[in-house]
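In structure tokens below, several structures.
Each of the next two complexes has chain A plus one other chain: chain B in the first, chain C in the second.
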Partner chain A sequence: MEKMLEIKKLEVSFRPAVGESVKILRGVNLSVGKNESLALAGESGSGKTVTARAVMKLLPNNMNFEKGEILIRDRNVMNLKEQEFRKIRGKDVSMIFQEPSSYLNPVFTAGSQVLEAVKGDGPGRKERTIKLLNEVGLKENVFYQYPHQLSGGMQQRVMIAMALINNPGLLIADEPTTALDVTTAYGIVELLKEMMEKHGLSMLFITHDISLAVNFANMIAVMYAGRIVELAGAGEILNSPLHPYTEMLVSCLPEKYKSGDKIKTIEGKVPDFRDLPKGCSFHPRCPYKKEICLREEPGEMKRGEGIVRCFKYGDFVEA
Partner chain B sequence: METLWKLNKLSKKYFIRGLTGAEEITALDSVEMEIFGGETFGVIGESGSGKTTLGKTMIRLVEPTSGEIYFKGSKITGMREKEFIKLRRSFQIVFQDPYRALNPRMAVGNAIMEGIREGAGRAQKKEKAGHMLELVGIAPERIDDFPHQFSGGERQRVAVARALSTSPSFMVCDEPTSNLDLSIQAKILNLFIELKEKLNLTYLFISHNIKIIEFIADRVAVMYAGRIAEYGSTARVLGNPLHPYTKLLVAASFFKKTETDKIPYKVEKQGCPFSRLCPDVREICRKEKPELMPAEEGHFVACFGFTNNFAEY
Partner chain C sequence: MQFIPLLFGMTFISFVIIQLAPGDYFTQLQMNPEISPQTIESMRRNFGLDKPVIAQYFYWLGNLARFNLGESFSYHVPVSFLIGQKLKNTLALSVFSIFFTWLIAIPLGVYSAIKEGRWQEKMMSFFAYIGISIPSFLIAMLLVFFAARTMVLPVGGTTSVFYINATGWEKFIDYLKHLLLPGIALTLAEIGWLYRLMKNNFLEALGSPYIVTAHAKGLSDGRIYFRHALRNAVNPMITIFGYTLSSVLSGAALVEIITNWPGMGRLILDAVLSRDLYLVMASLLIGGVLLILGNLVADILIAAADPRVRLR
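The block that comes next holds the complex of A and B.
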């Protein structure tokens, strides 16, 4: 099957103002097939957003690509110049963000901002924009309105229209519903599903909300300390997680408990990238740790359709 | 169970003067409810539904426009500040954003010590503040640290310790976990449960997350446009929602398809505020506001659908 996005052994480092540079992504592998949705889940600081920004080549100045490949429609874009990548950004892959209000320019109308994104000119641009606005559930008058006149949900719909105006094959959604209310968020999730169906879109969906990820995506990748520790189908993640981190993350969901019970929590903290523990980076918090976990880093083990990085499933050391 | 709080037709209106003239915003509209001692009373609703205003009004951080509040039988509204100040120590609040709720220039120990009254000496107060930190799971040695030295979850713990410093009996928890990661959220929820048992607290727990409310609250009120749409025991309200808005909210939280697919937040000024979106709207809903009425034992709902002669409307 055609792959819309493939990331191979991606490494990204962060160069702080003082001190040595630290690796933030430490060999991320993932792929999104045509019309598939992959959710990237994990806690703050696990590297979800950095992965997304790396694909869009929108990394901040103090972050660098180190190694690895990013293939969009089987074309390696890692070494493309900005000028060349511009032809891809928005056309083959686009992105929507967590807080729509900070990504819309307050002094331009919503319509003019969507229009601006249209690649190439020619007649019918405005008509196309209005048609798309209708498609994402907005009325024509939104075209002439300014961002402050729109609610958060409507702003996110404008962002979606902007992202989809050039018919990209892949949409990266970085926590698109986190800043929204429950019912509004539901509307956005439904809209994204509808757009996937209608436009044959593939989606990389980033979220820290495991239950949302399970609802939205076919496959879920769980990130921890700059690596994907488990990749599996949505049902498996929720019901039979393999990696101890996934298992514990799922057990933190309050809906898994009766009221009055105590929620099982994960002891310890997310590790600091400057001072990652030797061996498996999850071992200080892991209840199943063995002697090998302190020394070696687990490699990727195939498990059904997915992968897991844990010595519980065999001594497969990272090459 | 003893009734701790009783709210009677509590309303709060804000007047906003802008370029286009004054605008009146109703944040609370005749809220009536009772909270029992020792329970966790959940409040759920979307942004702008009046959840936070309700919490703040109850502890008089915000003065209501009209209506009465009774705490342990005595009327708080209209009470003189001199008298109220004795009660004020029993009420505390934990805010949503632990980054903004703590003074960045104040060591956490000092922030906690501000609330401690007994033990005139500084040393004694400091010792007590250390105990508070220990109670919320932070090493007492960190008493002289500043807020920026703590992580988000730890800051929320400090905010809780500060709230506990006046030995309150009632605490408003205003979305205390919505800025936190899943694993840290679980720890903070556990902390609230643990403290409630240890210190015999009553909580007003505000959240927009049904799953948290379902887990933590004994009873719950669903708010819409400043009014209580439905309230009763959590199991009944969320397990068997009666108000059309609650039904919608529950369905959206569990990603189920609903009759009204897109849910813009449109409030009707006249009649039932939900009438514009309600799938089962009748003539009367557009004219009058429904009052809370008992639907079953301990379960109230503000909807004309539950009046006996609804079919006639």
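The block that comes next holds the complex of A and C.
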């Protein structure tokens, strides 16, 4: 099957204003096939957004690529010049963001910002824009309105229209519903599903909400401390999670409670990248930890369609 | 429309403060043994200075309503005549320096924000820092010294000796030549902080999330800088521009005095020192009106530039 996106052994480092630089992506592997949606789930600070930004080559100035490859439509884009890669942005891969209110430019109309994204000239650009605005559920007059006149949900719809105007094969959605209230968020998720179907879109969907991930995507990658610790189909994640972290995340889902139950949480916090625990970085929070977990880092072990990084399933050590 | 009560309040408070200080213009004259106390008393009465402060204020206000700014104590001519003579020169100087300050500082600020961290930016910021650190009067003094030594620019006054025989065009050129020295001094004094302000605004705009969106759309750098960032970076500058307008008359005072440019600066300074009440009041009034006008202009411009303000 054609791969829309493939990331191989991606490493990204963060250079703080003071102190040494630290690796915040530590060998991320993932791929998104055609018409497939992959959800990248994990706690804040696990590296989800950095992964997304890295694919767009829009890392903040204090972050650097270290190693690895990024392939978009089987084309390695790591060594492309900024000028070359610019042609790919918005055309082959687009991105939508967490807070549409600050990611839209306040001084331009919604329409002009969508229109501006159209690649190439030619007649009918405005008509195309308005047609797409209608398609994402907005009225024609939104074209002439400024971002502050729109609600959060409408702003996100404008962002979606902006991202899809050139029919990209791949859309990266970085927590597109986090800043929205629940009902609006539901509308956006439904819209994204509809767009995937209609436009043959593949999606990398980033979220910290595991139930949203399961609901939305066919494949789920669970991220922890800059690595993917488990990759599996949505059903497997929900019904038979392999990694202890995934297991704990799933057991925290409110759907699993009876009324009156105490809400579960995962003890501890995401480790500090400057001071990662030796061995498996999840071991301080892990109920199954063994002696080897304190010493060695588990490598990627194949399990069916997916992978898992945990010594419960073998003793393959990360090189 | 709130500016009319504002003007009343402003003039009233300044009037009272000036009159609160002990003595008046004629106090100094009492030192002079050749002027009899009776003469001074009658002069006070002529100018209405024997009445209570409130009455004096309303007397001044009444005159103002008839476009009469009163008479200067020390020059014995109408204040409007005195100011009219000097206003032109100060306006010429201020407009010259504001025009060149903005013309130079804005593009340099943008350029150096784009080059942030590179040597171009470091060099410009270094010079800007020097410019901000040196007070305007010192810059003016250095320039006067330089001009006097090299004779490239005329020093002092607005005209040369041959002015009387010159044609209209030559007169204009001569005036410009004289304007150059105070004009450059004032421009150099102002350019540093305006550059820094513009640079910081532009940097802030460049760090905004909507710039990430613009990159994600695959826009070119030029479009991102000059459409997305510039439009947002310029908005706060408009307010600054309004304030600049309000300082056209007073901002140049120090430079005027040092370069001997016959503008309002010297006139107002002397008026305050000698407590020439109506002259001081007139200059305060003009300053107040300019401040209000400047803000009004800024409000209109901001409404034109920023849709969030326009629709409120």
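Odds and ends about this structure:
By definition in this document, the second predicted complex is superposed on the first by the 317 of 319 C-alpha atoms of A that agree within 3 Å, B and C clash if a C-alpha of one lies under 4 Å from a C-alpha of the other, contacts with A are read in each partner's own complex, and residues count from 1 in each chain.
In the analysis below, contacts are C-beta pairs under 8 Å (C-beta built on N, C-alpha and C of every residue); 3 or more make two chains touch, one makes a residue touch a chain.
Model, not experiment: these values are computed from the prediction.
Under the clash rule set out above, the superposition-derived model of chain A with chain B and chain C shows the two partners fitting side by side.
Judged by the touch definition given at the top, the superposed model places A:Phe97 against chain C, while chain B stays out of reach. Shared-chain residue A:Glu296: touches no atom of chain B or chain C.
Applying the stated contact rule after C-alpha superposition, one finds that A:Lys87 touches chain C and leaves chain B untouched. Our summary of the superposed model lists a minimum C-alpha distance of 5 Å between chain B and chain C.
Overlap of the chain B and chain C interfaces on chain A: none, as no residue is touched by both. Residues of chain A that touch chain B in their complex: 43-44, 137, 151, 153, 181-187, 189-190, 208-211, 215, 248-249, 252-255, 257, 259-260, 262-266, 269.
Interface of chain A with chain C (complex): residues 56, 58, 86-91, 94-95, 97, 99, 102-109, 116-117, 119, 146, 148-149, 159, 162-163. Remark: chain C residues 208-210, 212-220, 223, 228, 231-232, 235, 305-308, 311 touch chain A in the complex. On chain B, the positions that touch chain A within their shared complex are 46-47, 151, 181-183, 185-187, 189-190, 193, 208-212, 214-218, 234, 248-249, 252-253, 255, 261-265.
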